Structure formats: C-alpha cells, structure tokens
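Note that chain A is present in both complexes that follow, paired respectively with chain B and with chain C.
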Partner chain A sequence: MRHLEKPVVLDLQRPTNVAARIVGGVRSYAANALLVALLALAPFLFESHIVGSLTRGMIYGMAACAVGFIIRCGGMVSFGHAAYFGLGAYSVLIAQKIGLTEALLIWPIAVLVSAAASLAIGSLSLRTRGVSFIMITLGFAQMVYFVISSVQGLGGADGLGLQARNQIGGVSLESPTRFHFVVLALLLVVFCVLSRVGRSPLGMALAGIRQNERRLKALGYNTTRLQLTAFVLSAAITGLAGALAAEFYLYVSPGLLHWIVSGELLVMATLGGVTALMGGLFGALVLLLAEVLISEFTTYWRMALGPVVIVAVLYLRQGLQPALQKMLGGGRD
Partner chain B sequence: MAILVEQVLNGINYGLLLFLIAAGLSLVFGVMHLINLAHGSLFMVGAFAAAAFAHITKNFLLSVICATLLAAAVGWLVERVIVRKLYARSHLDQVLATFGLILFANELLRWISGGVPQYVPSPGLFSGTVMLPGGIEYPAYRMMVTSIAAIAALAMWMVIAKTRAGMLVRASASNPTMVRHIGFDVGLISTLVFAVGAGLAGLAGALTGPLVSIEVGMGEQVLILSFVIVVIGGLGSIRGTFLAAMMVGLVDTLGRALMPLALSGIFSARAVSSFAPALSATLVYILMAVVLIMRPQGLFAR
Partner chain C sequence: MTEPVLQLRALTKSYGGLIVTDNVDLNVLPNEVHALIGPNGAGKSTLIAQIFGEITPDKGAVLWCGEEITRIPVHQRVRKGLARSFQVTSVLPEFTALDNVRLATLASASSNPSAFEVAAANLTATERAQTCLERVGLATRSNARAEALSYGERRHLELAMALALEPRLMLLDEPMAGVGSDESHSLTAVLRDLRQSCAILLVEHDMDVVFALADRVSVLVAGRIVASGSPAEVHEDHEVKRAYFGEEDVW
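This part shows the complex of A and B:
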C-alpha cells in the first residue's frame, strides 16, 4: 500500500551469535511458522470440508504469493495472472485428454506452458510501465480467456471435468488428506524458491528496480530483462497453482481464466501484505474464510467483499502478515 | 458490398460508443492520474438505469437523459466518498479499491435485477431501417446512436478545446498546483471531470441497451476494450483515444463479420466455424501487440 514508495532500509545489524540468530530467526518467522503448523495439523484437527477450504486457500495463496513477489521484486502490478492460472489448469485437462496420468510429468508441463505464455506476454507488456502495464496485462489475459473459451474441444464456455485426480509416482491423490499435504509441500518449496531468489543478487536488483528503476539502469542493469525473469518465474508458479486448482476441483472451466481471478489474486497479495514473502497465503486464507462465513448468510457475498476491500486499501496500510508479525513481536520477515 | 458498408457503419457506431467510455477513462487519468477500473460499472449502471426508466416513462429519449444524469450523479457521489482519497495513492491501491467498487456494483445490480438479463426494445420511432444512398438499408436505431454519440464526442471536444472550463481542465492536467494557486478549486474540477466521464459512460450504456442484452458484467467487457484503446492511443491524449477507439471498433466489428468469410476460402467450413470466433476475438489484442512493438508509448502520446 503506501509503504511501497518508501525506500526499504536494509537490516545490516543481524545478530552474529549463532544462538541469538536462531532465536531471532524463530521469532521473526513466528507468524509464518504458526500458519504452516496450522496447515500441517489441519487434517487431524478439522472436519473434511474445512480442510478442503484450507487446501483451496493454499492453492490460491501460492498464486497470490507469486503475484505479490513481482510487486515486491520488480514493482510490476500484473492484472493478468488469471491467464497463467487458467493455462496451468487447462494443461492438466489437455494432458489427461491425451492419456497422461502422472502428475510428476503433467505439473511440470503446466509450469512450462504458463512460463512460455508469460515470456511472450511479458516481453510485450514490459515495453511499458505503470498504468499501461496494468492495462496491457489485463488485455492479454482477456485474449487468452476468449481464445480458450471458444475452443469447443476444451469444453468451450462451459469447461470440462477431469476423469480423476492424477497420480504421483503411481500413488493416488484421491485422498483429500494426501492431496492437502502434497499442496502444502509444494507451497513450502515455492516459498523456499521465492525466498532464495529474493535474497539473491537478482532479487536485490529487482527490489532496487521497484524503488528507482532509472538509477538501476544508470548502474548498468538491463532492468527489462531482470523484470521479465521475475515475471516468468511468477507466472510459472501461478501455472503450478492453476494445475493444482484443476486437480482440486476436478473441473476446468474458463472461470479460472476470468479477469476477476486476476483481481482476486491481487487483493489476496495486498491484503496479506506485499512486503511479506507469505503475505499472499495469509490474504488468500482470510479471503476464503470470509467467503465461507459470509456466504452462510447470503449468496451475494461479493457485495460485502467489495466494501471490505475498499476499506482495507484505504485504512489498512501494511497488510495482515506484517501486522500479525508485529503483534507476535518479531522483527523482519 | 452492402455487407461491407453495413459492417463499416457498425464499426463506426461501436467505435464511437467505445470512445465515449474511453474518453472518460482517459480524462480521469489525464487530470487526476487515477486508473479507474469501475468506469465500466458506470456504463453498466447507465444501461440498467435506461432500461428501468424506459419501463417507467415509456419515452426513450427521456430515459436516456435520465440514465445519463443518474450515472453522472453516481460518479459524483463515488468521487466524493471514495475515489477522492485515492488520488495520492499508488496505482496498485487505485486498482484494488476500484476493483472493490466493481465487486460491489456488480453484486448490487445482480441483486436488484435478480440476475436476469434485461431487454429494451428499440424505440418505436427508430425501429425500422433507413435507406442510405446506394440503396443500402441500415437500422435506423443504429444510425441514431451513431449521431448521438458523434454529437456527444464533438461537444466534449468543443468544451475541452474551446471553453474556459475546458481550459481549466487542461490546466489542472498539466499543473494542478498552479491552478490552485491562482484561486480555483482543483477538488471541484476533479469531481466535475469524474462526473462528466461517468455521465459519458452512462450515456454509452443507455444507448447500447437496445442493441444487446443488459446483464451484470457487461461493463468489464467494454472496460477492457477501453484499456486497449487508451494504451493504443497513448495515455492522456484525447485525439489518440478517439482514433484508437475508431480503429478498435472497426477492427473488432469487421473481424467478426469478415473473418469467417475470408477464411472459408482457405479452410473447410467446419474448421472455420471452430476457430474463426477465437481468431476474430484476438484481432484487437494483436493490434495492441503490434502498436506496442512499434510505439510502446501509444500512437499519439505527447
């Protein structure tokens, strides 16, 4: 939110003592650790429909974290990530149509398809910045939506169901609990990747681009190429999330490509806090929780969601994860 | 030949309607540097309001005027209550807050309308066709829509380019601090610009009503096309927006009409019917991609 314009002061005085570092590390990750523990224990604590909601929250959270990542690293506000989410899902559908059932093969294909699409769209969209970038990513995503929803072989505007959940190395994923843990494991892998990239020279340069692109250019960085790299990485992760969404719903429809998904992913990322690695996950879980709660009372739950989003943007300055983190007494993320 | 002329006229018609919407978007961005996703919702409000007013008043022109005024009033209110707070914020915040507005507006209208698409018959006086020179028949209603949209577009250009009020708007776009210092209320100018943009979108919605089914979500369709137009034309340039709107209107209409014909010469009928819709839906975006490759800042950016 507004803090985006503020320069980030790097914390150079990290504790050198190993024990202090571990304690400090645990404290600064307290909010994240609590959430991951909750997700890991969920199948033993809650009823199956709540676990299902949490699985869905993790899937959308993975995509939302990818959306947040390119805002934090690279300053790119993409309003078109539904395209990569949907392409990942449709890859699963197509793979199953040609007879593949091995997730270890299908999911990487989904990731590659989304990455390839984002390479084309990203290299065009990154010819602009700021507002035009937002509009263009939305435009191209809409193009993908139109193309896919007019292909009759893929179910057209209605979509198609999957026959069954794919297998991992011959092990069935039909059990919701097992699928929940697979999603959680993949989510943790994604966090490791995003965290490593964020701390790498690439991530530092990308953070610099967000703060002052012109200066990075003057220093000799090819900023567009760095941004494109981050954009493709983000789209690849979103494609994985889309593939998982297809497996979760066992149904693939153009609804997954709809521009409203792009908007929801942005809302999740910002609600959770774009400065935080796991902000998108917090945002997704809170949003889905709100959806479940409000839709108990009314089918028009978005009518309440709209004002909530507006109020959150206007008055919640930093997002949920950082706020929670501060409450738990930790320092940086 | 007759088909071609008719489709070109349809394209101009569509382009002018798109211009009414994109112009508001472009003005609001030019003066307040605001990206307003909810602009399409004002188009939708105009369409729904015209349908409701047509039911009550039984008079088409009156219902269009009422719907335009209502959309402008909604714009005024939204600017005063919410949008005003967003001017100083990042584009991300603006996108999110106006996205929230869309969610609210869509759900509100779904609730009011019961989720049923509304149909408005073309007004009786204009339900026939007119004979164009060359013996081509063209629906009278579309002809009238084209005229009204052209008049509105011309009036807007006159006001901005030739009047004192328009001069103030242009001044606020280039240097709001200076305008404030010589004693004008920039806040009021912003509200007015937003309300006028909302009114134009509402007018476009009211005029579109009898041509399509009026349903929730119709606003986003035109919003995304308006974004494409604004990007092609160059942000903040009204002339660029106008030319881009005409281009997009023509490309979209002609593509949909002529693409199947053109392709049927090369491929089998079955193949054409399966991928012609997909291909013609992408034409506008291909146009956008070409413009981005040639002139990333837009065709008429200053």
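This part shows the complex of A and C:
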C-alpha cells in the first residue's frame, strides 16, 4: 500500500511561488488582518466610548491570548491568571507610589514581577497535572488575592486610584487615542512573540506535550521544565496586560486579582478558540460587545454570558477565530 | 569481554502484595538483540518501564555502561542513549509523520529546544528525520498527519522516532502488537536493519520474529527470569516448557 503512492516532496524543497504564498498567507490570516485593521482604524471611525471599550478589549484579549497559549502549547489550563494580571496592575500602583512615572521603566517591572511570581507558583503547580493543576493554580491566585487585599497601604479591599497615566518616553498617554495605539502596538508585539515561539522547536515540543506528554518524555524532553518556560512567558504577558489595565482604569483594586477574572480570561480564550494565535482577542472583543449591547437593556448582562458560551462551544467547537477564518475562505493558522 | 550496555542487578518491584519484578538480573551487550519473552502479565512492560525510568524499582540497580542510573529521570537516560517504543502505539496524532520524527531529531540535537529559531527551517533536523522515515519505509507518508496513518504505519513511525534519537539501546515493547502478517514481515525487516545501528531489548510474543532476530532470549514468568540463553537452548529448556510453554505446543 504505502509503496504505491507517489512520493511527496518535502515542503521545504518545493519551489515556492512567492506571489501565491503571499495571497495564500493573506487569505489564511484574513480574519486576523480584518480585526487588526478595525482596531487600528477605530479611533477615526467610532465615538470615544466605543474606542475605550475596544482598548479594554485589547487589554483583556492580550491576557486571554496568553491563557490560550499555554493550553495550546503545553496543555496547561490555568485558573489562576488573575494573580499575574493583578500583580501587573499593582506593580504600576506601587511604582507610582515610590515616584516613578516612566512607563518604559514601570511596565517592564510589572512584567518581571508577574514572571517571578509565576516562576514560584508554576514550579510548585507543575508537580501536578490536569484537574489538580487547575485547582492548585486557583489556590495560589486566591492566596495572592487575600494577601494583597489585606494590605492597607495598597488600599485594602477598596483599592487605590492612580494620580495620572504614566508617560512613555516622556510622551504623555493622557490622550485615549494615543493610549489605544500604544496598546495595539504592544498587542502586535505579543502576537509576534507568541507566533514565533509557537513555530520554534520549543513550541513544537509544547504542542507535543499537550497531545502526549509521555511520548515527549520518551524523546528526551524535560517536559516539566518546558511547561514552566511557557507558563512564565504566559504570566509575563498577562502581567503586561495587567499593567495596561491599571493605566486604562487609572484605578487598581483587588477585583483585578479575583478568581472571576481568571474565569473570564479562560472563557475569552475558549470562546475565541485556543487553537488560534489570536483566539483570545476575538473572545475578549465579542464578550465586551455582548456586554455593551446587552447592558443597554438589562444590568444583568452576565446572564447572557452562559448561553453565549454554551452555543459557541456546541456550534463552533474550535471557537470563533477558526470559524471566521473558514467563512473568509482561509485555512487554519 | 565486552562490557554490557545495560545491566540489571537484583531488580525488584511489587504492587501491594503482587511481585511484578522479582530479583531480575539481566544484561544486554552492544549490538546484541536480546529478546524478552513471557506470558501475559509476566511483568515485561513493567520491567521495560523501570529500565527507562518511568517506574522506580523498589530494590536493585540499573547500570548503564557500568554507571548506576537507577534513579535518574527519563530525559537524562535518553541523553545517554536509551530509547523506547510503546506496546500501545504512542505518536503525536495532530503532527505529520515528519514532524513526529523531527521532534526526535530536534531533541537529540540540543537538550534545550530553542524558542526563537523556526523549527521547520532546521534543515539538518529535517533531513535526518526524512532519512529515518525512509529507513522504516514511510518516506512517502511524511506529510500525512499521524492520525491519518494506518495502524501498521503508526507502528513503523514509532520505530522511526526511536531510531531518530540515534540510541545505543532500544527497548522495544511488542513492536508488532496487533499488526497483520504483511506489516509484520515489513516490521521484521525494519528491525533487522535497526540492529545494525544499536543494541535491542525486544519484548515480543511472535516466536517466529524472536527466533529470526534474537541472539539471546530470556524468559520472564511471574516477574522472575526462569531461563536465559540462545534461542535454541531456551526452546529446549525443560523448565521453560513446563512453566511457560505449558504441556501443549503453543506456537
């Protein structure tokens, strides 16, 4: 049987038609490209409150993409990413309290704080797998929540406001439009990093771990260490998103650390599709859109959340982004 | 005398009251095919898992080229030159055959997979993976997803993955389990080729295969080695006949 078929030439050796590849590339990324274009044009098209919603959607979307990343690469379902989101936000608050105002300094600090916390929490949590891993990440995040909400100097259970949005390279970010573009630029950087890592030997090994961890061990991979690497990268990105959330709200409270945030990030990631690089962004924006639309009619907009998620999981299976991608005639990314 | 690549010394493991590995002494010489046979539930797979480091023995030692490795983790054993295949086919279903093998060649190239290189652009790893697929006769299927391969093809793929690690010793746990006679012949040919590259500890039920390939045979019954020797000796051994082959001729 096997020997009768035509030999298939390696992808790498196939002569590549550059034009065809570019057209193919654009088609298969059409959904992503359209969304990014929409976000880039939003400040010129929409009223400021809608632009604000989109900025917020990008911030949560960044975190949700980080949550989806470790499901896709590493098979880790974290129910504790609120910890890294909140720690990123509190880093901004603390930095401002000690007199810093430069985002180019403060945001990297926020990223490092979240990464350090995830290194400690991740190395303990990764002694377990599956449901235990979900519960232990939740447990650690709740510990962070209770510790920080009991610190009076950080506003206790009420939280504290920021004096003003930090500057970036000396340039003010007070203008919502400028802030929107900074968030968009950072989001694109995050996508570049995640995409690159996803196609690297590390990313391949992590995708392999999701499918069959025992096999990856038998190939000589130290699977726990690779998963920890992915976990820390994911938490670092979530920390950046948290710092941006602090800048967006100009207010930091334990609400950002609450397990509901962890749950929402997971919902956004699965709704958008964990198989897709930008799935979390689609999920976040759709949820926010639902919130805006439904809250016109009722303050109980969260009631609609359940049905939306159920329908999405039942009918879209892989999530929104892959479904849109298919509608637009492209392949999967 | 050549030093064995692998030596087991009084290896013992029990689950509750059930002794699955009972004082096992066994060695594998370089470039030898050592077959391990025994009835269902004799403890063959458990023994393989202890050699590979997935299961920790209660007592005894595993020596690799004279060095004790009883308690080191799996990934370090693979670095030293051990590889295994699984009784129940274990491949990565969503990856192409080529990517399955490429994961192995990338792993043997560096202990720390790079995060910023593009995996598909690593030509050395790709070419080596392609060579391994050719050696097991799967070259034409390299771009098919593993889940789309036939059962027999997946068994071939598993051998290619082990081969790609360039091991000094392969632990093969029933590589022919569940395949038809055509595939079985082709797998036997592949094994005959593999033995040129490394030593093999072969767990196998098919006696034709064992007698065709093995230099030595050990018989495991209820966790104990009851006989060991050349295939002909073992076949004649009275204790083996009584304890394992039974009174009637099974094969």
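Everything that follows uses one rule, which is that the second predicted complex is superposed on the first by the 315 of 333 C-alpha atoms of A that agree within 3 Å, B and C clash if a C-alpha of one lies under 4 Å from a C-alpha of the other, contacts with A are read in each partner's own complex, and residues count from 1 in each chain.
Everything that follows uses one rule, which is that a residue touches a chain if its C-beta (ideal position, glycine included) is under 8 Å from a C-beta of that chain, and two chains touch if they have at least 3 such contacts.
This one's a predicted model, so the numbers in the text were calculated from it and none came from an experiment.
**Student:** Based on the superposed arrangement, let me know which partner A:Q211 touches: chain B (first), chain C (second), both, or neither?
**Tutor:** In the superposed model, A:Q211 contacts chain C only, not chain B.
**Student:** Quick one: classify A:L219 as touching chain B (first), chain C (second), both or neither.
**Tutor:** In the superposition, A:L219 touches chain C alone.
**Student:** Let me test your reading of the model: by the given contact rule, A:T229 touches which partner, first (chain B), second (chain C), both or neither?
**Tutor:** In the superposition, A:T229 contacts chain C only.
**Student:** Given the touch rule stated above, what does A:G130 touch, chain B (first), chain C (second), both, or neither?
**Tutor:** Only chain B is touched by A:G130; chain C is not.
**Student:** Mind working out whether A:I310 is in touch with chain B, chain C, both or neither, as first, second, both or neither?
**Tutor:** First partner only.
**Student:** More residues of chain A are touched by which partner: chain B or chain C?
**Tutor:** Partner touching more chain A residues in the overlay: B.
**Student:** Pick one for A:P201: touches chain B only (first), chain C only (second), both, or neither.
**Tutor:** second
**Student:** Take the contacts of chain A with chain B and those with chain C, and give the residues found in both.
**Tutor:** Correct list for chain A: 1-2, 5.
**Student:** Would you pull the chain A residues touching chain C in the complex into a rising list?
**Tutor:** Chain A residues touching chain C: 1-3, 5-8, 10-12, 196-197, 199-205, 207-208, 211-212, 214-223, 226, 229.
**Student:** Provide the residue numbers of chain A that touch chain B in the complex, in ascending order.
**Tutor:** Residues 1-2, 4-5, 71, 77, 79, 124-125, 127-128, 130-132, 134-136, 138-140, 142-143, 146-147, 150-153, 259, 263, 266-267, 270, 274, 300, 302-303, 305-310, 313-314 of chain A touch chain B in their complex.
**Student:** With touch defined as at the start, can you tell me which chain C residues reach chain A in the complex?
**Tutor:** Answer in residue numbers: 52, 54, 73-75, 78-79, 83-84, 86, 90-95, 98-99, 102-104, 106-108, 110-111, 113-123, 125-126, 130, 137-143, 150, 153, 161, 165.
**Student:** Touching residues of chain B toward chain A in the complex: what are they?
**Tutor:** My answer: residues 29, 35, 37, 82, 85-86, 89-93, 95-97, 99-108, 110-111, 220, 224, 227-228, 230-231, 235, 274-275, 277-278, 281-282, 285, 288-289, 292-293, 296-298.
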